[in-house]
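In this document, chain identifiers A, B and C correspond to the written order of the chains, with residue numbering beginning at 1 in each.
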Amino acid sequence: MMLDEPLITLTTDFGTRDGFVAQMKGVILGINPRARLIDVTHDIEPYSVLEGALVVKGMAPQFPGGTIHVAVVDPGVGSNRRGIVLCTEEQTYVGPDNGLFSLIMSDNRAYEIREIQNPDFIRPEHHPTFHGRDIFAPTAAHLSAGKPFEEVGPLVHDPIMLSIPPVKENAEGLEGAVIYVDRFGNLTSNIDKAKLSRIVDTVCVGNVTIQGLSRFFGEVPEGEAMALINSFGLLEIAINQGNAAKMLGIGKAEPVRVFWT
Amino acid sequence: MMLDEPLITLTTDFGTRDGFVAQMKGVILGINPRARLIDVTHDIEPYSVLEGALVVKGMAPQFPGGTIHVAVVDPGVGSNRRGIVLCTEEQTYVGPDNGLFSLIMSDNRAYEIREIQNPDFIRPEHHPTFHGRDIFAPTAAHLSAGKPFEEVGPLVHDPIMLSIPPVKENAEGLEGAVIYVDRFGNLTSNIDKAKLSRIVDTVCVGNVTIQGLSRFFGEVPEGEAMALINSFGLLEIAINQGNAAKMLGIGKAEPVRVFWT
Amino acid sequence: MMLDEPLITLTTDFGTRDGFVAQMKGVILGINPRARLIDVTHDIEPYSVLEGALVVKGMAPQFPGGTIHVAVVDPGVGSNRRGIVLCTEEQTYVGPDNGLFSLIMSDNRAYEIREIQNPDFIRPEHHPTFHGRDIFAPTAAHLSAGKPFEEVGPLVHDPIMLSIPPVKENAEGLEGAVIYVDRFGNLTSNIDKAKLSRIVDTVCVGNVTIQGLSRFFGEVPEGEAMALINSFGLLEIAINQGNAAKMLGIGKAEPVRVFWT
């Protein structure tokens, strides 16, 4: 689907301070002045592909069909890692082939991936540390202006997938881990709501034991810990009006255990 | 007034890092692709309704008539606090009923408030911790696309108002307090310029005594403290090219005294 | 050149937290609702004109002809420093006359500068500490709506230029200095790639000696220091997947020495 004023979202770990993202915006608007640019975030933890992948997974489904998502969290920039375009039935993703889109691949039944090789999609002089500006931004802009996906380059059948630690299941419950800490200090685990098929008795993390699941923060008194399904669809440990990461002294990789009733 | 490309501003304490704001943007653009989104800030201090209210008070009057302002600083999300739409003669405000818009109500003579109850304005499955995405964003989008305010829900006559500490007046002068510290460390008090009806001899805060009012930072030597009316129309204590909060060791709630000549 | 939907970029040290930038956006859209606003950054280090100048130098050439760039890093706001509009053959710049655009002047052969004096370009009541909102934003908006550059005010022939420490050259090599530290802790020097006319044997900074130049981060092992030409066209010292400023304990003004083979 082609939008009249095509939407291009931008997700990076560039920060905004140095104007790098603005350089990407300039390149896109130079190629397709009708593109509408939406900042998702530029504050992904530097080099954290998993954090980028979670943000993309949470954000992309909210956008209308035809949206093009550019995401650049790219510790391997300049090396021989591939640049790719991923097309699902609804949307298009442009960025490095390092797992950044692997949660999107898991969430979609049908998709195709191509490696960006056609020089028509790339700036003639591209800087080896700035593929965001010189490869991904122009590729997205050309796609938004109607250049066909088929011309991007050859099909890719073996994209890099993220290795998220698997959730262990036994008769008593589940064992997962914290994989992400958000701005509020809320702790996102790798336990998907689909796994929570039985009634939760307790959730244990660090020294804390939480009774059952809450639906929202205000259900427990201020300063108290709770477990809930967050807006990524994952089990989260939070403190009502507090910072769980700081107050519980818990960060990424900390085990999270769920016990059935 | 309906704008051809309606403006929707976004003010939250979500940060940008996690993509939550982008989810709201996707929802709005899915409902009304013609909406033009303007980020105000997503760095309101988490849960600080007063800070959000000050930012909205300062920003909204600068926007053209017809603008819709979505603001979400919402410690009570998921509880039974109401979601509201506030219509002044010029503009529309969408967010929680927790005082976030009470300074706008004080600044406008005529307005109407409705509680968001009509399911046509709300996403069918709304997540109890993310009303920004599931209630406020779609409500703003539908209003921007022409759905009438009258259909939002029942009128609200008792909106929650912020309790800003009152300024005390006596024969010698005024006593207020610091209510906000900005990015530069400038200290905003609750003393409105309308209260400064007489000639100011000194302004006292912490251990510092400041002679009279300045009009701009460069009027005093670098590193020196001054008092001035800031762009919110409130008395502010600042240090020329310095951080008053850090250098004076002063934060919110610190008394600010004004003495007349 | 006039764009149908004119682009206006915004570069400031205002942060986004306080809504100051949003006030500028409101003013612009009130004057020219067709303007398309692009945030470059609002996280320039407060009062750092050099940092702002580098960001503008890096970003502006990526934007299409006709773009108007508003930049406000303005420690002298309210004093008698001039407000200016700079017109190059391609683009327009609006901001204080304090060196913020001096790298753009160095990079362009032909340009004209005018001081903002015409009251038609300025808000009737302008606040002495907020020229960004009351002078620069409306000037940019009026220019974007077609008001001619010639009407801004009188020509300026002596704009303030930044004093960047010069690079010393001798038979053995070059001596420059770190002038900027980016989000990743990468150290930008004042040594332009045009100066690197001979083959580099080593680059020395702090206690570190780096062999030759790299083209991209991944060329050296993780955690190792390298020197490369960055996307500003300047010599940079970086650590692959690390923060050079922190790991080497190096900041602005640190000498950077280049030795020829």
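To be clear about the criterion, a contact is a pair of C-beta atoms (placed from the backbone, for glycine too) under 8 Å apart; a residue touches a chain by one contact, two chains touch by 3 or more.
Remember, predicted model here, so these are calculated numbers, not experimental data.
Q: Please give the intersection of the contact partners of subunit A with those of subunit B.
A: Neighbours common to subunit A and subunit B are C.
Q: Compute the rotation angle for the C-alpha superposition of subunit A onto subunit C, expressed as a multiple of 5 degrees.
A: An angle of 120 degrees brings one copy onto the other.
Q: Same or different for subunit B and subunit C, when you check if over half of the residue numbers at their contact belong to both copies?
A: different
Q: So how far apart, in whole Å, are subunit B and subunit C when each is placed at the average of its C-alpha atoms?
A: 30
Q: So which bits of subunit C are touching at least two other chains?
A: 39
Q: Sort out for me which residues of subunit C touch subunit B in the complex.
A: 14-27, 29-30, 33, 37, 39, 46-47, 75-79, 127-130, 133
Q: Show me the residue ranges of subunit A that touch subunit B in the complex, using the header's touch definition.
A: Contact set of subunit A toward subunit B: 3-5, 7, 9, 11, 38-44, 55-56, 58-64, 67, 182-184, 215-219, 228, 230-231, 241.
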